[in-house]
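Sending over a structure as structure tokens; questions will come in a sec.
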Amino acid sequence: MAFDVPALRKEFPTLQREIDGHRLVYLDSGASSQTPRVVLDAMDRYYSWSRSNVHRGVYQLAEEATDLYEGARAKLATFLDADPRGVVFTKNATEGCNLVAYSWVRRQLGPGDALLTTVMEHHANHVPFTTAANELGFEVRHVPLTDDGQLDLDAARELVADGKVRFLAAVHVSNVLGTINDVAELAGVVREANPDAKVHIDGAQAVPHLPVSFRELDVDFYAITGHKMLGPTGIGALIARPELLESMEPFLTGGDMIRDVTLEGATWNDIPHKFEAGTPMIAEAAGLGAAVDLLTDLGMDAVREHEVDMAAGLLDAVGGIDGVTIHGPSDPALRGAAVSFAVDGVHPHDVGAMLGSKGVCVRVGHHCTKPLMRCLGLTATARASAYVYNDRDDLEPLVDGIEAAKTFFAR
Amino acid sequence: MAFDVPALRKEFPTLQREIDGHRLVYLDSGASSQTPRVVLDAMDRYYSWSRSNVHRGVYQLAEEATDLYEGARAKLATFLDADPRGVVFTKNATEGCNLVAYSWVRRQLGPGDALLTTVMEHHANHVPFTTAANELGFEVRHVPLTDDGQLDLDAARELVADGKVRFLAAVHVSNVLGTINDVAELAGVVREANPDAKVHIDGAQAVPHLPVSFRELDVDFYAITGHKMLGPTGIGALIARPELLESMEPFLTGGDMIRDVTLEGATWNDIPHKFEAGTPMIAEAAGLGAAVDLLTDLGMDAVREHEVDMAAGLLDAVGGIDGVTIHGPSDPALRGAAVSFAVDGVHPHDVGAMLGSKGVCVRVGHHCTKPLMRCLGLTATARASAYVYNDRDDLEPLVDGIEAAKTFFAR
Amino acid sequence: MSLEDMYQEIILDHYRKPLNRAPSLEDEAVAVHHSNPLCGDEMDLRLRVVDDAVDAVVFDGEGCSISQAAASAMTDAVIGRDLKDALDLTEDFRRMMHGDEPARADDLKDGVAFQGVAKFPVRVKCALLGWMALKDAIETYERGASAHTVTHEE
Amino acid sequence: MSLEDMYQEIILDHYRKPLNRAPSLEDEAVAVHHSNPLCGDEMDLRLRVVDDAVDAVVFDGEGCSISQAAASAMTDAVIGRDLKDALDLTEDFRRMMHGDEPARADDLKDGVAFQGVAKFPVRVKCALLGWMALKDAIETYERGASAHTVTHEE
């Protein structure tokens, strides 16, 4: 591991907290990550030194704010190996998925067309498209899972064989199973059957944890969210091919995204501004820029290496408990460090509450993936998800808490 | 004046800055206000103590984060005299206007219908509706101005006479003219002709500066934005009648806003959550809550009183300069403290640049109101806008800078 | 926040040995199915009415300890009460879950043990699931219907 | 950031006494109208071409000192150049506005005085307005057309 976890952990204020005398063990980064001081400082610098609106200001504060905002866009573009003209800031990944649903899917797909997605999508990458399908009359098809929680690419090949699939929406890394999908290959399957098909990937759980190159993935749209990648709340981004953005009608309209407005109508600003209506998330962009700097400093290869180690540790430690079943791939190399599990005879809520009382934070519930839960015959799971500030010292409190829940709730 | 401006000013970090040896005189709060330390502290507390995601967490941090977020909603509801179930958090006012355009107007209006708006709208309250009109074939009508920059209610009466107007979108306080519109009366005009008509008000420039009661205004929708009311960037809200929200289809879809999801479709969560898709602006809500507390402490009546005084001061000081013309009402009681002006023979950009070089921040351009600019026969104005931290000491640098621009750019 | 604030022994007892937990009921008047999709709790509740009173009520389903125990304690508190009174008691429990002192603490029987749950907003809906199913069953009965399915979140 | 960084005397001179500012041009080949709606700048530019070279160019319109002065200096730098060369010089100016050192500083004549504007991103588009209108006029001419209107933002 190339970075020093205990030293890094010191940079995250909330992690210094105790809960009822227990050290806080934060294993819910899949829901939202902790925020390091450098990110808070970057936002504070904006608020305390350059506080003003961006674009078109003729005074120094406004120039600085614009530089911060556009500078963050450039940083994010470099981090994801994308063209800054294709980086649209959104409030979260969900807005990015909706942008694609409104500005591309709803304007392109209709009766006779099909959209391909998977059974493991987060609601963010599912509901915008099924809602559109129900209103506009196109078909939705679902790539099923193999037994070990991978996407079934053979089934996908059959699903696209009739050439009707014009759009793919798929998740890069599952927030429940941890599965890392080979989205480039899946995109290839879709494009082989229909070279004009467009591909949208939900990268909310990928970008925080793996090196991602938008150019290499060679997809059309890619949604991310800041609060899961050490950044602030209230910001995300949609990465897209610039020429595709140029051809699309805007989604949100209003100030800043226009070229000209008359009483009768409007013409649009250049991309990416065409898709950013109203006053943007200026402080949040500055914060996200700082988060990207930190991740770059840590090195995404090192982050990934650390997480393979944490995934292995979680699978061993939690999977080793009597009566515990783990969902998702058993090979750490095929997955992220978000590990969902079931404890025989103890409801996930009770597991989570017991862990919470011991300062161990995990998420319980359907994780915004109800269709996947139904596929797996589950209603809820408990999920421990690790990130750069976790290390193997965090496993013991987790295991102890699960054992305590078993004892406490034994019927 | 009930509060001590010099003492208050100390609470705003950026205002302590100097620009090239000049005291910073911030007169661009119409674009974005300064942020006081209490707001930064509230966000910092969330990030440094309770950093986690909201809703459904079974550990303490998540409960605290949820309380912060929902607590901010309750504060905002009290501040605006509205039902918290009708308070939908958005990323800015623009998103609020788009929500109304997508979830109500686009689903209700069609050929044969008309939408009433005014010529003084900000693009945020104009483009979402004209774009919808152009796509769906309903008509858009515009309330014109009287000579002193007020809405012409007699003309409005004629515009609604045929009963076709089903929707009104109007600005509460103009960001260019400063005019305070009697939106309750305008709403009455529209409803008299068509009792079922819905009314949407853009309150972005009103809520920071005046006491506003959603209940008393008796409108259907009301959009606001946090960054103009001492709050952080990245958050706003749409206030709406709960029963209306209940009857509407959601706009953005994804996690958190659903009740149940199957592969085929979804059902929606209760309001207001139905309209809040994805991880919300948690820190931003906490910050906005603190801003609302501060405004409540200052007292909105006192804020308004202070601004009438500042408007009077600006009108006298700037209007008194040779060759300067002021746009908008000349009576401070009828307007906010955003004052647009033109300097004979000097382009607004040059005025703004000169002022900026002396530490005086004003906005120049069309202020996202191109249709209004065309109505007034202008292409741009310079605008000085005051807020709670400005006082009459800020007028001298403004006047000196305008005089300097006159000299420097004299042809 | 100690876990014991919420999981009193009395709650665990109901969880471990639930009262009136059964998949069917003879001469049932109404069957309702309630679920809380946000937690994945599912509950079937069956009600037998005699002389406008709760003659019998059983529940079945899946859920966390709080939802199961609360349903168990609920059945014990409402059997024998006339329908109107059972609805009134339901309202008392609901208010308690939102932080009020219960007005009918004695009538709630073991239900009062759930007062501590009010401090854990995310679990409130678990405690309410059985009570809300009961309320729906009574209202369904009063409407003259015999079955109802509700997917809800308090 | 002193204002003088941007408003050099040479710029103010062009602003106060613009060269080739006129509402019409005899034997004009092309007329283009450009506007920058974000600032409200408007510019009419007319071009006369003789032997594939800029024989004359005039501009008119409304805008800030930077846009007016830059257009004035532009006319002075391009009159007499053949069209291809004028386009090349335009590109050099554009690059300078984005922070590069100008490759043809001498040919830009007073245009080099605008180098400081590159430090003020919001004013860059003002400085470019006249040059972009020229580029469009030449391209319109080369397409064989005689008029063009562009609403743009650099």
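Per-chain residue numbering starts at 1, and chain names A, B, C and D are given in the order in which the chains are listed.
By our rule, a contact is a pair of C-beta atoms (placed from the backbone, for glycine too) under 8 Å apart; a residue touches a chain by one contact, two chains touch by 3 or more.
For clarity, every value in this text was computed on a predicted model and none was experimentally measured.
J.: Taking each chain's centre as the mean of its C-alpha atoms, which one ends up farthest from the centre of chain A?
T.: With centres defined by C-alpha atoms, farthest from chain A sits D.
J.: Report which interface contains more C-beta contacts, comparing B-C against A-C.
T.: A-C
J.: So the centre of each chain is just the mean of its C-alpha atoms; given that, what is the distance between chain B and chain C in Å?
T.: Here the centre of chain C sits 46 Å away from the centre of chain B.
J.: Can you give the whole-Å distance between the Cα centres of chain A and chain C?
T.: A distance of 38 Å separates the two centres.
J.: Between chain A and chain B, what is the gap in Å from one C-alpha centre to the other?
T.: 31
J.: Rounded to the nearest whole Å, what is the centre-to-centre distance of chain C and chain D, using the mean of the C-alpha atoms as each centre?
T.: 78
J.: Can you list the chain D residues in contact with two or more other chains?
T.: Only 1, 37-39, 120, 123 qualify.
J.: Check each residue of chain A and list the ones that touch at least two other chains.
T.: Touching at least two other chains: 19, 56-58, 60, 62, 258, 260-261, 349, 353, 365, 370.
J.: Name, in rising order, each residue of chain D that touches chain B in their complex.
T.: 1-3, 6-7, 12, 15-16, 37-42, 62-66, 120, 123, 126
J.: Chain C touches which residues of chain A in the complex?
T.: Spelled out, the residues of chain A in touch with chain C are 19-20, 347-350, 353-354, 357, 365-366, 370, 373, 378-380, 408-409, 411.
J.: Spell out the residues on chain B that touch chain C in their complex, using ranges where they run on.
T.: Against chain C, chain B makes touches at 55-58, 60, 62-63, 66-67, 258-261, 267, 269-270.
J.: Note which residues of chain A are touching chain B in the complex, please.
T.: Residues of chain A touching chain B: 12-14, 17, 19, 24, 26, 28, 31-32, 34-35, 40, 43-44, 47-53, 56-62, 91-95, 97-98, 101, 119, 122-128, 130-131, 134, 140, 142, 225, 227, 232-235, 252-256, 258, 260-266, 277-284, 349, 352-353, 355-356, 360-365, 368, 370-371, 374.
J.: Can you tell me which positions in chain C touch chain B when the two form their complex?
T.: Those in contact with chain B are residues 1, 35, 37-39, 120-123, 151-153.
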